[in-house]
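Below, chain A partners chain B and then partners chain C, in two separate complexes.
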Partner chain A sequence: MRRMILRRLLGAAVQLFVVTILAWLLFYVIARFTGASPAQRIAGKTASAAQIALVAKILGLNKPYWQQYLIFLGHLLHGDFGYSYFQDRPVSSILWPATRATTSLVLGAAVVWLAIAAPIGSYGGLRPRSVGDVAGRGLAIVGMSIPVFWLAPMISYFFAFQPTQGRILGLPILPSGTTLFPITGYTDFGQSPIQWAYHLILPWITLAIGFAAVYIRYIRTLTAEQLSEDYTRTAKAKGASTRRILLRHVGRNVAPTMTVLLGADVATALSGVFFVETVFAVPGLGWTGVYAIQNLDYPVITGVVIVAAFIAVLANTIVDLLHGVLDPRVRRLAAH
Partner chain B sequence: MRNTAARRSRKGVILGFAALLTLAACGSSSSSGGSTTTAAPKAGVATGTITGAMASGAIDTLDPNRWYFAVTWGLANALCTTLIRYADEPGTPGTQLVPGLADLPVISSNGLEYTYTLRPGVRFSNGQAITPADIKYTWMRLMAPAIDTGTGFYFTNVIGAPAYLAGTSKTLPGITTTANSITFHLTAADGAFLYKTALPTTCPVPTGTSMKQENNGTIEQTYASGAFKLQSYSPGRQIVLAFNKNYDQSLGARGHVAKIVFNIGVESTQATLEIQAGQLDFNTSNLATADILKISGNPALASQVHTSARPDITYLFLNYEVAPLNNLDVRKAINFAINRTAIEAQWGGPLAGTPTDQIIPPALSDYKQYSIYPNTPNLTEAKKLMAESGVKTPISLGIRTQNDAPGFVNMADVIQSDLKPIGINLTIEATPNSVNSSFISNPKSHTPMGIEPWSADFPDGDAIINTGLYPGTPDFAANFSHFGVASFVPEFNQAAAALAAARVSDYQQLDYNLMSKQAPYAPLFNPRWYDFVSARLGGYVYSEAVDAINYNTLTIKS
Partner chain C sequence: MTMDTQLLEHEMEHEPSAQSPVGLRTQAFRRLRRDPVSIFAFSLLVFLVLAAIFGAPLAAHLTGHAPNAQYANALSVGAKPIGIMQRLYEANGTTHNPHGSLFVLGADSLGRDLLVRVLYGARISLLVATGATLLALVIGVSLGLLAGYLGGWVDGVVNRLTETAMAFPNLLLAVGIAVVVGPGILNVVIIIALFTWYYPARIVRSATAATKQMTFVAAARTMGARPRRILFVHLLPQVWGPLLVYATSIIANNILFEAGLSYLGVGVPEPTASWGSMLSDAVQSSMYTVDLSLALVPGLALVITMLSFNLLGDGLRDALDPKGTRR
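And then the complex of A and B:
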């Protein structure tokens, strides 16, 4: 196991190294051929010649490329993502709150989509072609078909706005002025955990619906497969209850595959939640990245790219390690 | 792009304008919005908190000598008092200049000296008196190359300014002070000089303020001079303004709420829902088109909707340096071929704006209606002009526009289909506004044509025509058409220096002459401003001069 952990961590380090090289090439080398010097882009549209020269000096942009990369890497290793001259503050002070907001959104949504998908998918696998299974699969198809850019404003409208007008889902059954959920806004967990959760309930549900639909199908298929295996028939023959078979036997065999999928999907969601963040005004990474692009704020754009890549590598590394913990075959494979 | 983060179009270098004298307070002739006001509250009584929404990217900087976006100028109107300022009135009366830190100036008979006497009792928000020396320092800061205000060139005709702006001199001999007054000495008369001394970038800062850009609002937390001061600013998250107890209320009450909170990053349609739900009071963005239709059609919400004329125009520039747009007949043919009504419909239709074939918007005093080109295509005339031009068709050209604000790509689509029948095939190149602006303002890009929104820096034809088309500087960044017909220079200079009635008629004539004899633009439409505010918000005034809500007049209805 130790060997597997070391190999995986080494792999992650190499991946991150490649990411930093690609980001550096993109923003510091290739950018030179697009009309403006990297120093000029980093210093911002309104920078004076003196400011541009100062930025070039700080980043060593007059030195050989290999030295420039080492300076860039050295700054990153010290948590220094540079300075946003547009926002007039260090990039790290912009990225960390944004990363916290996006992580809050995505991890919370992952809990919600698993909470929806696990019972529905398991039931479908256990009772294929039953009324409940057909209904579950129908829900899954609907969930997968709804684009998030449509779903987000609809959920906000029906569950946050309409209650303030005395209606829910169009029915006039609430007192006028009822506030079930805030229409927009975000509170940091550190300020108030209750307000944090209250402001994120609708964004969590919005983001979770599409993923839940996919996971219902995954879990249903995996459960059905496992239930047709010899070991489950043996368990049944020995008199094990359905609940015990699902939790102790099927669940253990489904978990490694689900862990891999979950890791990949969380990584995808972390870097792609822009629509949800925009509609509910959650100042996360996607929102920050687009805001930076609108303002040609290159240091923040670079930082968002690196952090998003870092999160993807980290999530996949954790998933691989968990996979090893959950599946002995993976450990054995890694040992060879 | 006129939604929220509206960048004002920058003005060209206006060197060497001919002489003349004073400017009477500007007149009025255009239509105005149906804004409402409540009974004037008592001076110094400021209670309650109102909350507004702001789109991400609406703030460029909070440095009081650098800010330039429309939303930031709205904040400037609350945080700052300039030497003279605009009246707190809706519609055209709101473009009148009134005393600010100083009384209206005494102007020498030759129009070369403007003397402003500071009113006693004017102070920064920390209680420190504002002195003439502070005002001179403010000008030195806003014109300093390190600050790069973008509006320093407006004062090029102050004695010594060109060298100071270029960084080759450390002094500004053209600005002198006494114990209670400040005088500007000009090299040439400037009919728009009064307006220029009311620009938000002339917001006073104390002597000794850093000559570096202070974008995070630190100056306005201590040295605000308006009815409000900056309490806090969290970039991308929130701005809080608090009532300034040291504001001199002797000329009338301004600032009637204790606090104004702006939540940044709220999408426009979501903000509309929050206002309707009573969770928000106003939005700094123009109402989205779909919401204009929805809200305007709801009688229960009618009293919460305000609409106003804007000092804005959206136009298609035609680059003289790119063939065949260097041919007058081709430029005229384009003006005859485009469907202005259909183009404006992409912006939102009749509620959201009015098609136009003129350069000066109706919101400015220089406006006088004429009609040269139709709102719907006259293809017979367009084809005739193309034939007379001698240009072989079909021609392939590019049209640039922004793709991060609704409507612009759709407008380009309409223009593309309009010009095809006259043999002009357009390729649409759409990019985010920041990229688009960098591109079209670079003369080396040789952009054939592009759709641009323009907001006047002050309510005068100078801020539209001289800024965007001054033929003496065809390669200036804001002269997207690269208009450089030398025979027009005297006419531009005459209008810029003219005063009062002569000024109005000069700009009206110049507008007509440009469109009938040159057609450097295809003007498209004049957008309107729509605000939807909460039921409890009173004292609403939209400032046509600043192109933003006037926060100084807002009240909470009891």
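And then the complex of A and C:
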């Protein structure tokens, strides 16, 4: 078990190392040939060649590439992501609150998508081809087909913007000027948990719908598989209720697989936050990233990429270790 | 997201069948033809391709509106674009049309014809997605075949590569690369392929690794078949089934990928119409709250396309399932 954990952690470290190399190559080496160099960006458009050379020297840009990378890595290890070209502050002070907001968004959305998918999916697995199953699968395939960057403005329009005009879903039944859900804005959990949840409800649902659709299918397949196993038949023969079979027997066997899927999808969800955060103005990593892209603020883009990759690797690692805890077979396999 | 699901479903289910591929193929095709949902999805996709190839220039010719031409008169007071089925009578690029020119789906916030643009956008979507998918398949199938057949360190390297690549939020890195290399259709195709090759690679690898254990491959080797012949004549035909299912979902995913990149402003450059950039124009200017059709037209085009691909993918998978049971 300990060997498995060590190997997994080592793997995660290697993955993170690869990301820092990629990010550095992309934003510090390749970017220099395709656009303005960092020295030029910092010195400004009107800077003379001598000034640019001075800034380059201060930044260490005249050193050989391998030294530059080591300096970059050394700064990263101390939590120093450099200085934003556009906002007048260090990148780390931008990234930290953004990471908190994005974590709230993604984890909350995961709860929402599981809450939607678990009942629909397990019902489908329990009663295949029933009306409920067919409807559930129909919903799933429609949900899978709706791009999140279209869903976000639609949900914002119908549930946040239209109520302020006195309508909901186009029907004029609300008093004009109602605020059903806030259109934009974000409150940190530390300030007011209720306001935090209230501001995040629509973003959570928006991010969750696509994943809920996929999870309906996962859970349906997994449940149907488990129900065709001998042990569930035995449990049924012994008189266990459907509820008990689903929760205690099927749930226990599906849990390890679900954890692994969740870990992978947290990484996938980080792509979705780009669109959800910009539409609902949640000041997270996606929102920060989009504005950095618009301003070609390379240190911030680099920071966002590295932090997001870090979250993804962290999620996958935690989940793999949890998998070992939840599924004794994995431990035995690792022991060999 | 959908790609990961289907990959997982394949890895959970795919066992190479010992049946001859020709028999399986005929059977699968017969099953597919009997499935009304698949037929419907396939027809929609054929219609989409025809609309993109012939419909776009036809619509531009009939309305007299070029896809990127801006008609100042199509914006009323307060810059509100004219709505669905509205005619414009002023002589503004409509000289050959004395009855006024019709904006079938209205105009966008710059006074461009929405119908013409959504049709030209279909061209970009299909072109980029198909190009990127072909490129990804070429890379993925070659690496997958090599890794599955050779095993050993080649397999190890390809496996680590795919695992590492799959662990990261693709879109994020793709956006990063797109920012650095700059916008452009060819760049977008290469970037998307760079982030999708490992899906087919994994499928082909696992199928090849499983198939090469089978006796008919050993028999071929005994009879003196060279590795190249074994790879292309014996192993490749065994993986075409799951690959075909997978290709449909890769194309669908790549359409989304392109739209996503264009939505973020790092995809197909303006003013070329693309569904993603049309949506982003509507949303980022908040103009869609004034006229919802600005977001509805490109959005529904995307949803219908994705739905068709997903339905067809499901139908194909059911049809190719050697057990022949509908799930």
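We adopt the following convention: the second predicted complex is superposed on the first by the 305 of 336 C-alpha atoms of A that agree within 3 Å, B and C clash if a C-alpha of one lies under 4 Å from a C-alpha of the other, contacts with A are read in each partner's own complex, and residues count from 1 in each chain.
In this text, a residue touches a chain if its C-beta (ideal position, glycine included) is under 8 Å from a C-beta of that chain, and two chains touch if they have at least 3 such contacts.
Just so it is clear, the structure is predicted and the values come from calculations on it, not from any experiment.
Participant: Once chain A from each complex is brought into register, does chain C clash with chain B or fit beside it?
Facilitator: Partners clash after overlay.
Participant: In the overlay, answer first, second, both or neither for which of chain B and chain C A:L296 touches.
Facilitator: both
Participant: Name the contact category of A:F211: first (chain B only), second (chain C only), both, or neither.
Facilitator: In the superposition, A:F211 contacts chain C only.
Participant: Name the contact category of A:R89: first (chain B only), second (chain C only), both, or neither.
Facilitator: first
Participant: Scan A:L139 for contacts with chain B and chain C and give back first, second, both or neither.
Facilitator: In the superposition, A:L139 contacts neither chain B nor chain C.
Participant: Going by the contact rule set out at the top, does A:G177 touch chain B (first), chain C (second), both, or neither?
Facilitator: So A:G177 only meets chain B here.
Participant: Determine, under the contact definition given at the top, whether A:A53 touches first (chain B), second (chain C), both, or neither.
Facilitator: In the superposition, A:A53 contacts neither chain B nor chain C.
Participant: For A:A308, decide between first (touching chain B), second (touching chain C), both and neither.
Facilitator: In the superposition, A:A308 contacts chain C only.
Participant: Determine, for the superposed model, which of the two partners chain B and chain C contacts more residues of chain A.
Facilitator: Ranking chain B and chain C by residues of chain A touched puts C first.
Participant: So, does A:F161 touch the first partner chain B, the second partner chain C, both, or neither?
Facilitator: A:F161: touches chain B and chain C.
Participant: Just to be sure I read the superposition right, which of the two partners does A:I30 touch: chain B = first, chain C = second, or both, or neither?
Facilitator: second
Participant: Applying the stated clash rule to the superposed structures, which of 6-14, 78-86, 168-176 or 222-230 from chain C runs into chain B?
Facilitator: 78-86
Participant: Please report the chain A residues shared by its interface with chain B and its interface with chain C.
Facilitator: Residues common to the chain A contacts of chain C and of chain B are 153, 157, 161, 279, 290, 293-294, 296, listed in rising order.
Participant: Residues of chain A touching chain C in their complex?
Facilitator: Interface residues on chain A, with respect to chain C: 15, 18-19, 22-23, 26-27, 30-31, 34-35, 128, 141-142, 144-147, 149-150, 153-154, 157, 161, 210-211, 214, 217-218, 221, 224, 261, 264-265, 267-268, 270-271, 274-275, 279, 289-290, 293-294, 296, 301-302, 304-305, 308-309, 312-313, 316.
Participant: Mind listing the chain A positions that touch chain B in their complex?
Facilitator: 45-46, 48, 50, 86-89, 94, 153, 156-157, 160-161, 164-165, 177, 179, 182-185, 278-281, 283, 287-288, 290-291, 293-296
Participant: Residue numbers of chain B touching chain A in their complex, please.
Facilitator: 5, 56-57, 61, 66, 145-146, 148, 150, 213-216, 235-237, 263, 265-267, 269-271, 273-274, 276-279, 404, 432-435, 438
Participant: In their shared complex, at which residues does chain C touch chain A?
Facilitator: Per the touch definition, chain C meets chain A at residues 1-2, 4-5, 8-9, 12, 164, 166-173, 175-177, 179-182, 256, 259-260, 263-266, 276, 279-280, 282-283, 288-289, 292, 295, 298-299, 302-303, 306-307, 310-311, 314, 327.
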